[in-house]
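In the two assemblies presented below, subunit A is common to both, partnered first by subunit B and then by subunit C.
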Partner chain A sequence: MNTVQAGLLAAVVVGTLSALGGLLLPRPARSTVVGVGIAVSGVGALVAGVAAMAGQVASFAAPDVLPLSGVVFAVDPLGGAFLAVTGGVAVATGIYGIGYCRRDRHGHGLDGRLVQTMLPLFVATMMLVPVAAGVGTFLLCWELMALTSLLLVVAEHRRRPAVASAGRWYAVMTHLGLVVILIGLLVFSAHATDGSFAALRIAGQHLSPAVADLVFLATLIGFSSKAGIVPLHAWLPRAHPEAPSNVSALMSAAMVNLGVYGIVRVGFDLLGGGVAWWWLLVLTLGAVSAVYGILQAAIGTDLKRLLGHSTTENMGLVLVGVGAAGLFASSGDLTLAGLAMAAALLHIVNHAAFKTLLFQSAGSVVHATGRRDLDDLGGLHTGMPRTTTAFGIGALSASALPPGAAFVSEWLLLQALIHGLPAGVSATIVMPLAVAAVALTAGLAVATFVKAFGVGFLARSRSPEAAGAHESPPSMLAGMGLAAAACIGLALLPTLVLPTIGAVAGGVVGSGDPVTVTATSIRLTDFAGSLSPLLLTVALVVGLVATLAAARALATRRAAREARLWDCGAGPLSARMEYTATSFAEPLQRVFDDVVQAEQDVDVTHHQESRYLVEAIEYHRRVPDRIERRLYEPVLAVMAAWGRAGRRLAPGSVHRYLGYGFYSLCALLILLVVTR
Partner chain B sequence: MNAPSLFGTVGVILQLLIVVALSPVLTGLMRQIRALLEGRAGSGIAQPWRDLRKLMRKQRTSPRGTTEVFRVAPLLLVATCLVVTAVAPFVTTASALDPVADLFAVVALLTLGTVALALAGLDTGTAFGGMGASRETTIIALVEPTMLVAIFALSVPVGSTNLAAIVTSGLDDPAQVFSPVSLLAAVALIVVIIAETGRLPVDNPSTHLELTMVHEAMVLEYSGPDLAMVELASSMRLTVFLGLLANLFVPWGIATSASPLLIAVGVLAFVVKVAFLGGCLAVGEVFLAKLRLFRVPELLAGSFVLGLLAVAASFFLA
Partner chain C sequence: MSTALYVQLLNLVAGAFLLTAVLILWRRELTAIIDVFALQGAALATLVGIIAVAQGSAELGAVALGVLFLRAGLLPWMLRRAAVAAGATQRETRPLVNVVSSLLAAAALTLLAYAVSQPLVELAPSPSTHAIPVGMAVVLIGFFILVTRRLALSQLVGFLLLDNGITAVGFLTATGVGLIVELGVSLDVLLVVLVLQVLKTRMREAFGATDLDELRELHD
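Right after this comes the complex of A and B.
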């Protein structure tokens, strides 16, 4: 038994045992045992994934368990990458969940049997999806993952009515996604000898273009809905905020990645690369999602919803990388394709690290204050200094600024895009626009996270709940600490992971290693370009220390005096005079008004005696999702109309229902007689 | 990575000394030019240094309720400018920290400084701080696409985004400097630099009227030595941006090898180029009024289109 098999077996066995523990153990021990179990199973998956990325392979088959090709699992470097990411997220989230799920003094908690059983099962199915190696196995794991996550999303449905609505959206969209993937993969496997991926890989080389297009488009639709890509993102900003925060972290940092995995697996591996327009489509979808997602995040005020929108943005950036890789591979630039794919995979790893951290800190804030709206938060640095630091690290990593993790992957992505210009005339138009989209995304991400951190955690508290916030229990802090350490490690030493990720990316597109690393810096193979995040950080720290020393030496030595804030001489400032998240985002909302189309309402109540005096002003703003309004509401309206029309067929008479049965049977028999 | 050469180290030290010492003088020069053109006597080009000395001697104040973010922001702002000064090819093309001297990294570092200041503005919890931070981050978000597309255009003929590589290739092939690509990218970058450094018509550095403040609103709570840091850093940012603009488009004069004469020429050329650009900016500002905040995106969109045209031109002319 090699490392991959041992790790994966340990992960699945421990996961199943924890699920049993969640079902059978008494309430006080439940969350601890399940949390530790998830963490151990995560370690197993992490080890197996890393070993698989390094080139070790393993497979397992039980041919008679399922139709089509039975249960088939195989771990290859690509699947290993996603397995390792899921494992890493599971470790941090499992430990965090120990404290998060325990009952608080109000008796609220997530230590019920259902949640504690589903949590390890959800993690285990997410680990099995990237190692499934047959259509039947893949779809089974995919559906189990969807079902377990759905049960976890609706865990708090008794506390908030919005949870049920979010659950319905998620249930419908994830199952429509499944249906489309099912159609795509079944059509594909109809052209192969059996349903195993090995057979599909052989069949993929001889598919007629029409069938290949159908398979790719169907799977693209299904997988991109899982990844939260526009226009199939509608479930994501609903389900992620309403789920418990440890589940949000798992979904946002690990589950959405599997949508990207599906696209890469089918497009590159099974269909063997395909044609340029597929990847142009993927790139466009990615760029649109990135900009649209981050724009919604930039003007949003709900902390967890904002993070959900940011997930759409980051998956969009990943798809820009994947699309560019496909485009370059189809025009024969394999090294460049490898570079773009490496950027995409590195961004998945980075996103998993910082999104775990951000959702965990947001969860701590909700845990401590019961508030998610940034307009009600603020001043959390006094009550929750560690959570504030954690969110700060996550925000820096997410906003593509040095020394943050996302900066490295976005730098690689930009390098791939700018070197792709000679690839052809279509590249002349696509590449600059893609660079601009990535840049606009980076700029808006900065605005988003300055807002989330500055308004939510700094300044003064805007509600009594925020003022009375308390620090989270040690297990939650430990979970956040692990995720923060991962963020810092990835930011300073991407040189440790990049050779392996580069080799995986090279293996996917069929190129050599796209990047070479030295001890401190990253160099592109075949192109001039290098970056050293460690050296950059060291330089920044040296600059900081030098400035501090110079300021100490030159400035006066008198001790600092505490001063009143500037209040224009009008008496002390109250928290209501602070800038809120809504006011912070107002200029951006105005600039992008053509896209966002916020609905605003200002009601002025005048003084009774004079209409020149104002008594009260009420301001309402709602930012409806415009894509949702244009695309989903008509469909929902048609469905509702259809339902109403159908209601006339069911007046409640049993005779009529029997008649329906009789007539449909007759019609079916007649049809059989005529056609056979 | 090669060990930093003696030449590179000398270059870095020279650049740091020149930029730190002369950037307040540049601000003074620009104010003096404005004053003369507006018919005032002006306070002389050394006035910013005198102001800094005065501020450094004042007692520190720490506004009530602010956190470490407020105290670290000015230091970080100065540090980012120092790092960029150290790595950018201003006087010599040999950088001691070559892997950091990437245009994307340099731009991101300068943005980091602005972000630190925006967070400090929010940290005070006043209406002014929030207002300044909100406006500044809006401008940064819109500047970023133009900036990166202009960088893209510049990097296409060279095949790299390394600053030294771009400058060296301009020296080797002067025709490239006068190509339409270069001109379009230069115009796009000038607009972006005006927005990033908070000059007219995007922001008025000498205003204290709350309706129009952007940068000044963010730093309203700073005083004494902290304010001195912020003032020094904003002068340095201006110098750094003008220096980058000068050497990316008019690279001549920069020292390419370690001869004392060439280095002296490099120093002189850098000072003259930046002073000339600063003078042009000051003269231009006399004739401009500040744009409404919500007209700024139109200006930036215009420069973005120029950036896109530059990339397209670089492809078709290559």
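Right after this comes the complex of A and C.
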């Protein structure tokens, strides 16, 4: 038994055992055992995934377990990458979940049997999806993952009515996605000798273009709905915020990645690369999602919803990389394709690290204050300094600025896109636009996370709940600490992971290593371009310290004078006069008004005595999702009309219902007699 | 047993099987309907028994005894008990289709059954397969009773008739469904009867009647 087999076996066995523990153990021990179990199973998956990325392979088959197709698993470097990411996220969220799920003093908690059983099962199915090596096995694991995550999303449905609605959106969209994937993969396997990926790989070589197009489009639709790509993103900003925060972290950092995995697996591996327009489509979808997602996040005020939108953005960036890789590969530019793919995979790793951390700290804020609206928060740095630091690290990592983790992957992505200019006519138009989209996204991401961190955590508290915030229990802090360490490590020393990721990316597109790495710096193969995140950070820190020291030295030369803060003569400044998330985003909302089309409402109440005196001003702003309004509402209206029409068939009479069966049976028999 | 006698007996029993189905459609008193249903169960058991004797199969003979016990004994007994408990509403006073039209419909359904079964009979012509249309006709008549009768109990009889027909077709085509399958199906039927009995009792408690049209309010 090699490392991959041992790690994967340990992960699955420990996951199953902790699910049993969640079902059978008494309440006080439950969340601890399950949390530790998830973390251990995550370590197993991480070890197996890393070993698989280094080139070790393993496979496992049980032909009699499932009827018709059997169960087949195989770990290759690509699957290993996603397995390792899922494992890493599971370690941090497992430890975090120990404290998060325990009952608080109000008796609220997530230590019920259902949640504690589903959590390890959800993690285990997420680990099995990227190692499934047959259509039947893959779809089974995919569906189990969807079902367990759905049960976890609706875990708090008794506490908030919005949870039920979010659950319905998620259930419908994930199942429609499954149906489309099912159609695509079944059409594909109808042209192969059996449903195993090995057979599909052979069949993919000589598939007629029409069938290949159908398979790719169907799977692209299904997988992109799981990845939260526009226009199939509608479930994501609903389900991710309403789920418990450890589940949000798992979904946002690990589950959405599997959508990208599906696209890469089917497009590159099984269909063998395909034609340029597929990848142009993927790239366009990615760019649109990135800009649209981060725009919604920049304007939103709900902390967790903002993070959900940011997931759409980051998956969009990953798809830009994947699409660019496909485009370059189809025009024969393999090194560049490897570079774009490596950027995409590295961004998945980075996104997993910082999104885990961000959702965990958001969860810790909700745990302490019960509030998610940024306009009600503020001043958390006094009550919860460690959580504030954690969120700060996460926000820095997410905002694509040095020394953040996302900076490295986005830099690689931009390098790939810029060097792709001479690749063909369509590329000369698309690549500059993609560069612009990535740059715009990066800029808006900075604004978004400055807003989330500055308004949410700094300044003074805007509500009594935020003022009374307390630090989270040690296990939650430990989970956040792990994720923060991963963020810092990825930001400063990406040179440790990049060679492996580059090799995996090179293996997917069939190129050599796209990047060469020295101890501190990353150098592109075949192109001019190098980056040293560590030296860059050192330079930044030195610059910052020098500036501060100079400012301090200059300030001490002049005599300091103590004075009251200028308050326009309106009395002492209160927390209500602070900059809020809504006001911070107002300029952005104005600039992008054509896209966002926010609905706002100003109600002025005048004083009774005189119209010149104002008693109160109420300002309401709603930002409806415009794509949702244009695309989903007509469909939903048609469905509702269909349902109303169908209701006439069901007046409630049992005889009528039985009659339907009887008459259709007789009609069928008569038809048989007549046509024979 | 000589072939001629076998064919004659088979035809006689099949005729009785169909006739009892039509009788159930004709009678209105619940007690009478249940008596006829018991007769039909006996006819079905005899049909299986004749096939068993013709084939000299002891296993099929055991199945025939089981069918006799279940369909001529246990089920009619349960129905009778339910009918006694129901008390006053023992007559199917106003079925959705009146009795004369029902009998005409039964004739039409029998013709349809004959027309539809021809390909099945032609597959393997033998005395037993020639009786398949009778089974089909009973299936259709049972379904018809299920659709047109108002009382829960007579609907239950319709359902059981449907199942009798299916069993008969099974024995006539394959000359014997496997014992396990027959056992499973019988268990299902028993379960359905129990469930419907519970439903009927609940309905009587809730609405004071067992007319299924009272359930109209159930839709959304």
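The criterion applied here is as follows: the second predicted complex is superposed on the first by the 639 of 676 C-alpha atoms of A that agree within 3 Å, B and C clash if a C-alpha of one lies under 4 Å from a C-alpha of the other, contacts with A are read in each partner's own complex, and residues count from 1 in each chain.
Keep this in mind: a contact is a pair of C-beta atoms (placed from the backbone, for glycine too) under 8 Å apart; a residue touches a chain by one contact, two chains touch by 3 or more.
Computed from a predicted structure; not experimentally measured.
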- Which superposed partner A:V509 touches (first subunit B, second subunit C, both, neither): neither
- Query: In the superposed arrangement, does A:S653 touch subunit B (first), subunit C (second), both or neither?
  - Reply: second
- Decide which partner touches more residues of subunit A, taking subunit B and subunit C as the two options. B
- Where does A:L665 make contact in the superposed view: on subunit B (first), on subunit C (second), on both, or on neither? second
- Task: Using the touch definition from the top, say if A:S399 reaches subunit B (first), subunit C (second), both or neither.
- Result: first
- Based on the superposed arrangement, let me know which partner A:L119 touches: subunit B (first), subunit C (second), both, or neither? neither
- Is A:L270 contacted by the first partner subunit B, the second partner subunit C, both or neither? neither
- Item | Partner chain in contact with A:V154 - subunit B first, subunit C second, else both or neither | neither
- Task: Please indicate which partner A:L78 is in contact with in the superposed arrangement: first for subunit B, second for subunit C, both, or neither.
- Result: neither
- Message: By the touch definition at the top of the document, which applies to A:R676: first (subunit B), second (subunit C), both, or neither?
- Response: second
- Query: Which residues of subunit B touch subunit A in their complex?
  - Reply: 1, 56-65, 67, 69, 75-76, 78-80, 82-83, 86-87, 97-100, 102, 104-105, 108-109, 111-112, 115, 118-119, 121-131, 133-135, 137-138, 140-145, 147-149, 152, 155-156, 158-162, 165, 220-221, 223-225, 228-229, 293-294, 297, 304, 307-308, 311-312, 314-316, 318
- Message: Help me check something: in the complex, which residues belonging to subunit A touch subunit B?
- Response: 298, 378-379, 381, 399-402, 407, 411, 414-415, 418-419, 421-422, 428-429, 431-433, 435-440, 442-444, 446-447, 450-451, 453-455, 458-460, 518, 520-521, 527-532, 535-536, 539-540, 543-544, 546-548, 551, 554-556, 558-567, 573, 575, 577-579, 583-588, 590-591
- Contact set on subunit A toward subunit C in their complex: 647, 650-655, 658-659, 661-662, 665-666, 669-670, 672-673, 676
- For subunit C, which residues count as touching subunit A in their complex? 96, 109, 112, 115-116, 118-119, 140, 143-144, 146-148, 150, 212-213, 215-220
